[in-house]
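What follows is a pair of complexes built around chain A, which joins chain B in one and chain C in the other.
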Partner chain A sequence: MTTQLASGAVGRGFGDRLILAATIALAIVMVIPMLWAVGLSLKTNQELLVDTQSVLKAPWTLINYYDILIGSGVFRWLLNSIIVSTGMSLGVLVLSSLAGYGFARLEFPGRNVIFVLVLFGLAIPEQAVILVRHQLFSDLDLHNTYAGLMLPGMSAPFGVFLMTQYFKAIPTEIDEAAMLDNASRFKIFWRVLLPMTLPAQATLGIFTFLHAWNDYWWPMVSGTNQQMYTLTVGIASTQQNFAESAGLGYLMAQAVFASLPVLIVYMFFQKYIVRAVSGAAT
Partner chain B sequence: MIRPIAILLSCLALTSCGVQQPPNEIVVQRFFGTCNAQYGTRTDVAAAEGECGIMTTLINKFSAENPDVRVRVSPVAWPGYNQLAAQLAAGDPPDLVTMHLSSIPDYQSRALIEPLGKDLRAVGVDPQGFTAASSAGVNIQGDVFGLPIDNWAPLWHINMNYFRQAGLVKDGKPILPRSPEELLEHARRFKAATGKPYLVQTLAIERASYARNLYTLLMQQNATIFPDPQHIHLQSPEAKRVVDLFRQIYVEDLTTKNLDYAASTNAFINGAGGVFIVGTWLIGDFEAESRRADRPLSNGYTVRPFPQLYAARDATYIDGHAWVMPAKERTPQQRDAVFRLLKFFADNDFEWSRTGHLPAYQAVIDSERFNALPHRREIAKLSATGMTLPASVQRQFPVADIVGEEMSAAITGHKTVDAALADAEHRINDLLFHVL
Partner chain C sequence: MLYVAPFLCLYVILLVYPLFGGFWLSLHKADLFGGRRFVGFENFVRLSNDQVFLGAVGNTFYFILLTVPALAIIGLGLALALNRQTRTAAVLRGVFFSSSVLSVTIVTLLWKVVYAPEGGFVANLLEVFGRPPIPFLSSAELALPAIAITTIWWCIGLPMMLFLAALQQVPRELYEAAALDNAGRWKTLWNVTLPSIRRTFALVLIIEVVLQFQLFGQAYLMTQGGPNNASRPMVLFLFEVGFTRWDVGYAVAAGQILFGFIAIAAFAQYLVARRKEAF
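Let's look at the complex of A and B:
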């Protein structure tokens, strides 16, 4: 028995070590390109034009970051990205929660048909609708406005689907108990059920925020005024032609800079993000 | 719940307000990046370097000299056509936009840009003064649809130190091939003497370089590339000869392989081969490198136009940049400001030519100060031998992409040359059929 336990422990230990080693190896593979990008961002463009391996040798410089901070409207673009990402996330949470509750709990004519129609949205790629959407926003004079940047992302079939499924998973007895206590339907939604969906809200909110933060295409064609650029579009606009060779250090500094806010968010909210992602997976 | 919804709707209402353009403001949308840290407020154009620096100081100088005009510069990621298309669709295009000569037909054919000839003449810019290559790029159906900024073409950037080693220098000048056979013979001799491939090429990721080579060598054979604006003709003996040549160079390892744009630039600077086929814009960087000691290019760099490999005609495919004016309603002040700015750019074309690009004006090409710039005398003939594709051909960017994809497949051996040319022809004709 003792021998079996010991061998089991050794086996588990070896297996654990193997998994740990594999995880470390994979982590290194993932991290190296990022470290390489950071390294390139700390070299001058002139040095990198001649030799990219110079990243491994001193001197290093912050000149590329200085150029970004001084030479572009990056703070305005950062503000725009924060407004758009936050606004879109809030909008998605509000609309998806309401819609999810409606589909899960309310009886109304055509509910199933409408739900299927919403789900069709999951199958329609953005590319297929962007022309008509652009025209629609043009007719409504919404381009180069925050509303124009946020509204398309607020139509979130995935969010509606997620929230519907989450509300469905909550036993209806809870609603009935609240009704016995004379609670209105809105109060049941607002006070009883909504707090129970917080894990799903966190998942949806984080995913929507990251999607909005990284989005490039719609902000590029809708926010064409430089004052309305988001961070992704703004930083791309500062690239000089042939930046991949003549301005490599600056290019990498921009990539690092653009990822910093999300990295900071991740550092502070790591626990919640991991929980949200694992929650989405289960 | 009502409160957050109300707040959200209020925010949306507040954020839906647009920005009105003041009557004396013009919006100039351009690529070439931003470099405000270095040149944000500088107006000393002669001291500026590089595309971004010279462009920024030029506009700063114009603004300083024209205080009644407000120029709002809107930099876009290269090439910026998605944004422009969106702006045109929304009815809110900028007042001036940088555009490749090869893209002008796409917009002109839909009346999305205005003819400029009459107004340019009125402010003293004579389109007759454009170089032949520039003129061909902006002249469509008898009118001028852009103010050319420059021309650029694929050039042969040469490592003279290796050329000397291979015995390919005579009287201090590089000996360049005059036929495909001679090109192969030089390349083999070069490799035997230096151990390096003769050509440094961008064969990975980027497609445009394949197309430029093909167009150039088809033009040199007097081949008809586009029999009409809706059809390309690539299943021809001339095209097969060109692709076969590059395939042979590839098979015999006479070229670098698998390098993207940045890697091939790096490779040439670090002495990976003898000839780097790339555009005009790198002359300054390579010249600077040749002045550094103990480097592969030390005192050993020169540049030449694409050599004439076929007897029929000395020609090189050429493209360039221009300012175009999208069609929209403007105040008289804005219109006046646009043409004052165009006149200013025309007057300062020499400054722009310091980027390495060829001037758009014959007078600048012929000027002493232009010819005094490093290597410009050697490439000046491109203003006459450079050829654009026919202005009636639309979608030249995606056409070049398809040409590049298929040529790449043929050269690297993934397809036969015949199959690749047939596929390229079919795909391009299909594209042109659907857009016209």
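Let's look at the complex of A and C:
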């Protein structure tokens, strides 16, 4: 019996190492596109025109990054992305918390029917509404404004669903205890219940922020003015004239520069981001 | 009611109205300048005869076939391999999820310089072995598979994490019982692990079908649907008709069909998710 266990353990160890090796190999394949882009960004455009294999050999240069710093739309796009993503996240958090509290705690006529109708919205894909929405925003003169970029994301029902579930999970005894202290309804919501929903707020906030940051279609058709490009749209616009004007090294430097903010945030908040993204999917 | 009202207003104006406005608009011949004429179901008849649209539907299903099973199987494999407490596993999980936080425009930029026949990474690799470069994105057969590989690279993080979460939920007693029975690695996998995460497997498949159905950015930025419509998915068709040809009624009609497909998948997801209680 003991020998069996021992041999099993050895076999398991070898198998484990094999699996680990295979996984590491796959991880290397995974990072190759990123490393390749970083490598290209460290070469002059002229050198890359001749031979991209020179990436492996010195000299490397930061000239492309310098060019970005002195004259490029990237900073404006970065600013726009920060404004839009932050604004949309705050909007979603406020609206969803209010509505979630309302659906979970308040009695009003038609509450359950309305809630079910909101849930149906979870199944509506952006593609089914984007054209009419686009015309609506034209009529309201909202294109090329920050409000125009933020508002559509705030109408998504996912946050309301999440917050309603969360508020429902809080025992009503807590409200009742606060009620005995003569606290007003809003005070109960604001001072007692809302702080208890912080984990859900974090999940929802991160998910919305990431979604807004990476969204492509709506900002592309709404913020058509170059001054209103988000980072995602701006980087896409440089691809249209691929390799023509800007040069390969410069394009790659721009891509690396544009991915840095989100990758840095990812490194520090990986746990929360993973939780937010997988929580939102199911 | 006051608490719910602000969200409801936005919801009705920005989601419900566009949805029903879309139903109505799809029955019209409409253009950008507000000119519209009621045509009944003519747009849908036109769609059913439009080779480009039918091709796009075919491409979309082909793309789902290329990506969804691969995402589920690779995601499950990674989750099984990385479901442990070591530091290495944590770092590797981080690596496999990292691509998921990038935007589609970065992803396509990275992969364009991997695929480029002149000076691309793969072309360089082939040159080392004395092979000619392969024009992935300008070949009718390879364009969609190349986009599929890019997509799998981009999206692998989510299925992996969903499977990891499911693996954590498998009761320890089941493994202890299997160990007492002297069940080997494979036997444990087949008899304990996989049956326990059946529901997650179904959920991952459905979620990915819904996500990959909406393929747009990769195709738009990497191939513009070409060559010869070989990589044009439904959403790109809708985008081109609606936003570059401004044949709005026709595009909205295509959107309704897309919505129909996605609603079916969403309903399936609801059914599977609801079964949670039954287990």
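The working rule: the second predicted complex is superposed on the first by the 213 of 282 C-alpha atoms of A that agree within 3 Å, B and C clash if a C-alpha of one lies under 4 Å from a C-alpha of the other, contacts with A are read in each partner's own complex, and residues count from 1 in each chain.
Going forward, contacts are C-beta pairs under 8 Å (C-beta built on N, C-alpha and C of every residue); 3 or more make two chains touch, one makes a residue touch a chain.
The structure displayed is predicted, hence computed values, not measured ones.
Chemist: Check the residue A:106 against both partner chains and state whether it touches chain B (first), chain C (second), both, or neither.
Modeler: Only chain C is touched by A:106; chain B is not.
Chemist: Applying the document's definition of touch, where does A:255 land relative to chain B and chain C: first, second, both, or neither?
Modeler: The answer is second: A:255 touches chain C but not chain B.
Chemist: After lining up the shared chain so the two structures overlap, which partner does A:225 touch, if you call chain B first and chain C second: first, second, both or neither?
Modeler: A:225 contacts chain B only, not chain C.
Chemist: Give one of first, second, both or neither to describe whether A:135 is in contact with chain B, with chain C, with both, or with none.
Modeler: A:135 sits against chain B and chain C alike.
Chemist: With the two complexes superposed on chain A, say which partner A:146 touches: chain B (first), chain C (second), both, or neither.
Modeler: first
Chemist: Looking at chain A, which partner touches more of its residues: chain C or chain B?
Modeler: The partner making contact with more of chain A's residues is C.
Chemist: Applying the touch criterion given at the start, work out whether A:214 contacts chain B, chain C, both or neither, answering first, second, both or neither.
Modeler: Touch partner of A:214: chain C, not chain B.
Chemist: Would you sort A:181 into first (chain B), second (chain C), both or neither based on which partner it touches?
Modeler: Neither: A:181 stays clear of chain B and chain C.
Chemist: Where on chain A do chain B and chain C both make contact?
Modeler: In chain A, residues 51-52, 94, 98, 134-135, 151, 189, 221, 233, 236, 239, 242, 248 are touched by chain B and also by chain C.
Chemist: Show which residues of chain A lie in contact with chain B when the two form their complex.
Modeler: Against chain B, the touching part of chain A is residues 49-52, 66-67, 70-72, 83, 87, 90-91, 94, 98, 134-135, 137-138, 141-148, 150-151, 186, 189-190, 194, 220-222, 224-227, 233, 236-248.
Chemist: Touching chain C in the complex: which residues of chain A?
Modeler: Spelled out, the residues of chain A in touch with chain C are 4, 8, 12, 15, 19-20, 22-24, 26-27, 30-34, 36-37, 40, 48, 51-53, 94-96, 98-99, 101-103, 106, 108, 114, 118, 121-136, 151-152, 154-157, 160, 189, 210, 213-214, 216-217, 221, 231-233, 235-236, 239, 242, 248, 251-252, 255, 258-259, 262-263, 266-267, 270, 273-274, 277-278, 281-282.
Chemist: Which residues, counting only chain C, touch chain A once they are in their complex?
Modeler: Spelled out, the residues of chain C in touch with chain A are 1-4, 6-8, 10-11, 13-19, 21-22, 25, 78, 81-82, 88, 92, 94-106, 108-114, 119-121, 124, 127, 153, 157-158, 161-162, 165, 182, 184-185, 203, 207, 214, 216-217, 221, 235, 238-239, 242-243, 248, 251-252, 255-256, 258-259, 262-263, 266-267, 273.
Chemist: Residues of chain B touching chain A in their complex?
Modeler: Touching chain A: residues 1, 4-5, 8, 11-13, 15-19, 31-38, 40, 50-52, 72-78, 82-83, 85-87, 89-92, 260-262, 265-266, 269-270, 281-282, 285, 289, 295 of chain B.
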